[in-house]
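Both complexes shown next keep chain A, but they swap its partner, so chain B is in the first and chain C is in the second.
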Partner chain A sequence: MIQINELVNILPVLIIFIGIILTLICEILFGKNKLVVYSLSILSVLGSIAGTFYLLNKDLFVFGELLRVNNITLAFTIIILTSVLLTFIASKNYLEKEKINFGEYYIIVLSSVLGMLLMIFANDLLIVFIGLELMSICFYVLVGMLRKRVKSNESALKYFLLGAFISGFLLYGISLMYGAIGTTKISVYSTMAGITKTPVFLIGLVLYTIGFLFKMGVFPFQMWVPDVYEGAPTIVTGMMSTAGKIAAVGTIAPLIISFNVPDFKTLLAIISVLTMLFGNVIALSQSSIKRILAYSSIASAGYILVGVASMDEFAVKGILFYLAAYVFMQLGAFIVVSVYESGSKDKTDFNLLNFDDYKGLAKRNPMLGIFFSVFLLSLAGIPPLAGFWGKYYLFYVAIKSNLIWLSIIAILLSLVSLYYYLRIIVYMWFMEPSEELKETEIRSDFLSKISLILAFAGTVIFGFLPNIFFSLFNFVIK
Partner chain B sequence: MILKLETILFIVFSAAAVFTAIMMITRRNPVASAVYLIVNFAMVSGIYLLLKAQFIAIIQVLVYMGAIMVLFLFVIMLLNLKDERKLSENFTYTKITAVLFSIALLGLMSVTIWFGFDKKYSELNMNAENIGKAEFLGKELFTTYSFPVLVVGILLTAAIIGAVVLAKKKFE
Partner chain C sequence: MYSDYGQVLIFLIFALGFVAIALVSAWIVSPKRPTKGKYTTYECGEDTVGETWVKFNIRFYITALIFIIFDVEIVFLFPWAVVFKEIGMLAFIEMAAFLLVLIVGLVYVWAKGDLQWDKPQPEIPKLDREIFKAGN
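On to the complex of A and B.
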């Protein structure tokens, strides 16, 4: 039941919703001038971030327990919105370069954000499912947006088919959970003691979790990640690998941690080891930068699962810190790639994505070189950058809950990742570019520089002052 | 043993549904598969009727048997499906493993569902009788669940915009 006076309690969602409607109208009225739609969509994300601060320290149910607002959901919301904000700022340059600067891009991205926020806020499995579908359908479209590229088409179709298949798993899980307990309200589940000992409910929960593990790109549901991330427009890949992944984590991680099933703990620990192993080892043999970043995002999902597997109240805080750091470094890396890449001459394939194309990049454009090196070092987990502290807190939580073996494996595997990150850096700084490369110009405008600087600042400041930022998340768990 | 008419009908419908489903995935000719799928939908809608879900049964017939099957047949007509025979004869280890795992999952889930229902919680389903009636469904959708209905509206809008972008928009 919608009551008007309750609308203010879901201010972030409401502002995004109004943003979608206004962007739609403005796209029709000022179709030629893309700046109106562009600034409007950025404003609505900013407004939504402001809206989350209005709701801080409230714990309330909205619309007859369909949605729930508390500090954990708000923290995830802020991280997602930051990621989308950075994406939006950097989008204009890339879209103009690829000649797909449509107003519809902003509308679809905003709709996907609405889906993510609903997933995070949901207190009813129905809303979770609708939110997930809203997010996924928008992603399918965004992935296939570069319609003339064969790879973009292929990845859109692949993502769509697999995503639709996995939605079946999720829905079946939800129906089993409903059949076992007789309600879809998530808040009711935590009040029922011994609910996880009901076998049917447990099977439903496993299928439900599988749906989200797929979206996170966790082994053995990771096969779509490299292909889809490679074929999608780079700026969309950046958003999918940060915001989309965070939305899935933010929906499933607090739920699993609140149930605290012992069998799940072992299972998730094993899955996370396999995920980290798969991501880090296969990345060693890749030659495309985008594929390497895709495999590294699989590995990151493994690190996040280390935190989830520890099943500790404190773990949510560690996951939040890692995700906040992850947004800056991963999105930053993808923005650098998107600034540098260009279409091939006949516009049917991507260009400038291989190792060889990155030879001597730092000499030709020192700013891009420095930024990319910092993002990669942070992803590898070199102190004192943000990625190091993110991993530090996750592994610390794992050690605290007696998963010492898991954290040792995680540390060893993240050492493996150093090889392929450093290889890119060596190519950028110590190799001479070919004559052909020297002639190509690197097109980066003022706006994408701003978003790179923001991501860079986030990575470095998080790294040098981890305590301040970690205490920022104190409002989640005191 | 005296069987109720409902039980007999249920056995007939579900046996036919399983049979047509198996026939559907084993046929070589895609049109034959599609026809078996139609029969399968009809049987499932019969099961819905037995469960007193009249509205869902009607929707099943209208949407699935009517709209979706036409789409399927159009796709079959437009696509060139000559290589289908080759695909089905290509048995690899991946496929064998996949089949084994699916059988294991099926076994696990059927055992759990057979033994696993807990009587303690199942009394919460008070509305189970009403759930298929159009009146009850409409009332719930426009009062308790009015918010999800609105969100589904946004979902459809986004899907339409996406379809237009992918299919209609002029590219340089």
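On to the complex of A and C.
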């Protein structure tokens, strides 16, 4: 039986839900004035963050064990909401520039956030599935938001077909897991000893995991990532590559780590090596900035898997820190790209996304240059920045659980990634822009500057004081 | 020897056999005198005109979507009505919240003008300048 007073325990989800309804009503009433919808959606995300802080340091099941609230799920929630907040603040400028400033954009993004939060909080496989579908369907629409561009349409259709196919895998996995054990409650699984020795359950678990590996963009299931990320509106790409990925990691990583299957350890280690290799090596030969960032996001999925493969208790916390750093640097990089990008004159293709277009950017607009350089250096893992500590904790847990070979390979491959990040920086600072480029104007408004400054602050503060994050959620570092 | 599903298998075999025997015997026994009238489509609709790849008006899909949403709503309303007295006020509030969401969605579609069934008004291309004058 559901009690009314239990609703307080899902405050973040509830606030987002109410936010969606209010935004819909405001879109009807003040359709012409986009500022109302814009500020309301930012307010609901802020309210949801506040709700998450209200729930901190609780460990409880809600609605008859359908949802689970504890510090780890709350930490994932806060990271996702931060990513969406930065996206929202920056998206107004981009949407106006591309002439797709519809109120529906905010409603659909908020709905996808609702799905992500459900996934993270879920303690029942069916709730996970509902959340995942809600998130995915919203993403399919968002990817195809630039209706008049062929690339956007193509990537939306690609993503939809592949995503629908993978949902089948996931659902089949859920049905096998239910068939083997007779329950869909996730918390029950980790209490049953020897559960992973049941073949049917193991097959189900593997299929279920595949569904999430697809959403994360891990090696054998990564083919959609560059195409979809390239075709989607840049600001949506930034959100998909951070919030969407974090939701998938937050659902599957704690589950796998709680099972601690020895066979999975080797398998995940091999997959993570292949993912890092694929992402970092193919990124070397790309000429489009968005594709480079897409491949670097595949490589990041590989680093996260290094943490998952270690199957250590601290691993989830290390992954959480990496994701928190990842939100700031990856989303920051995408926001810079979205500020600099401009549609072609006939609005049929993207413009200013090539390597050569970034020549001399730092001289023309030093602020963008400094921000982009910091985000890229952080992605590469240069010491005083947040990305370094993220990788440090991931490789540290890998070494602690006797996966020294894996961490050595990961460090070598992240050295490879330094090449293509530094190449962009060299282009920005040491090359002369062409005459044509000098004439184009860079439109960066006040709001996108705010979100860039927030992302910059996150990257630097977490770099110098990584302990803030752990003390916020009372995580103990061993 | 056989379990409960064995009966289903036997039933399947008998069913398939019955159909096969009936069809095959009719095929052997029946007289075959085809005429032109017997080969025309009748009682199954008209002869098709044109191709079957026709573009449907997008409004059909919107109507169908809205229909499905409210269809599902009714599926939820029936069990709710059965246990309504036992749960009481809480059930009422919950269903009110559920209906509110759907109604807001319907109002949204309505206000955005997606339910208007007007005939599309194609834009007739106009030329700003007169071509014939250009020669003079």
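Rule of thumb we're sticking to: the second predicted complex is superposed on the first by the 467 of 478 C-alpha atoms of A that agree within 3 Å, B and C clash if a C-alpha of one lies under 4 Å from a C-alpha of the other, contacts with A are read in each partner's own complex, and residues count from 1 in each chain.
Methods note: a residue touches a chain if its C-beta (ideal position, glycine included) is under 8 Å from a C-beta of that chain, and two chains touch if they have at least 3 such contacts.
Since the model is a prediction, treat every value here as computed from it, not as a measurement.
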Which superposed partner A:I4 touches (first chain B, second chain C, both, neither): second
Contacts of A:I468 with chain B and chain C, given as first, second, both or neither: neither
Which of chain B and chain C A:M192 touches, first, second, both or neither: first
Chain B versus chain C as contact partner of A:I25, first or second or both or neither: second
Which superposed partner A:I127 touches (first chain B, second chain C, both, neither): first
A:L60 touches, of chain B and chain C: first, second, both or neither? neither
Which superposed partner A:V150 touches (first chain B, second chain C, both, neither): neither
Chain B or chain C, by number of chain A residues touched: B
Chain C-contacting residues of chain A that also contact chain B: 2
Chain C residues within the chain A interface of the complex: 90, 93-94, 100-101, 104-105, 107-108, 111-112
Touching residues on chain A, where the partner in the complex is chain B: 1-2, 17, 20, 63-64, 66-67, 99-100, 102, 104-105, 107-108, 111-112, 114-115, 118, 126-127, 130-131, 133-134, 137-138, 140-141, 144-145, 147-148, 156, 176, 179-183, 192, 195, 198-203
In the complex, chain B residues that touch chain A: 108-109, 112-113, 115-118, 121-125, 143-148, 150-152, 154-155, 157-159, 161-166, 169, 171-172
Chain C-facing residues of chain A, complex: 2, 4, 21, 24-25, 27-28, 31
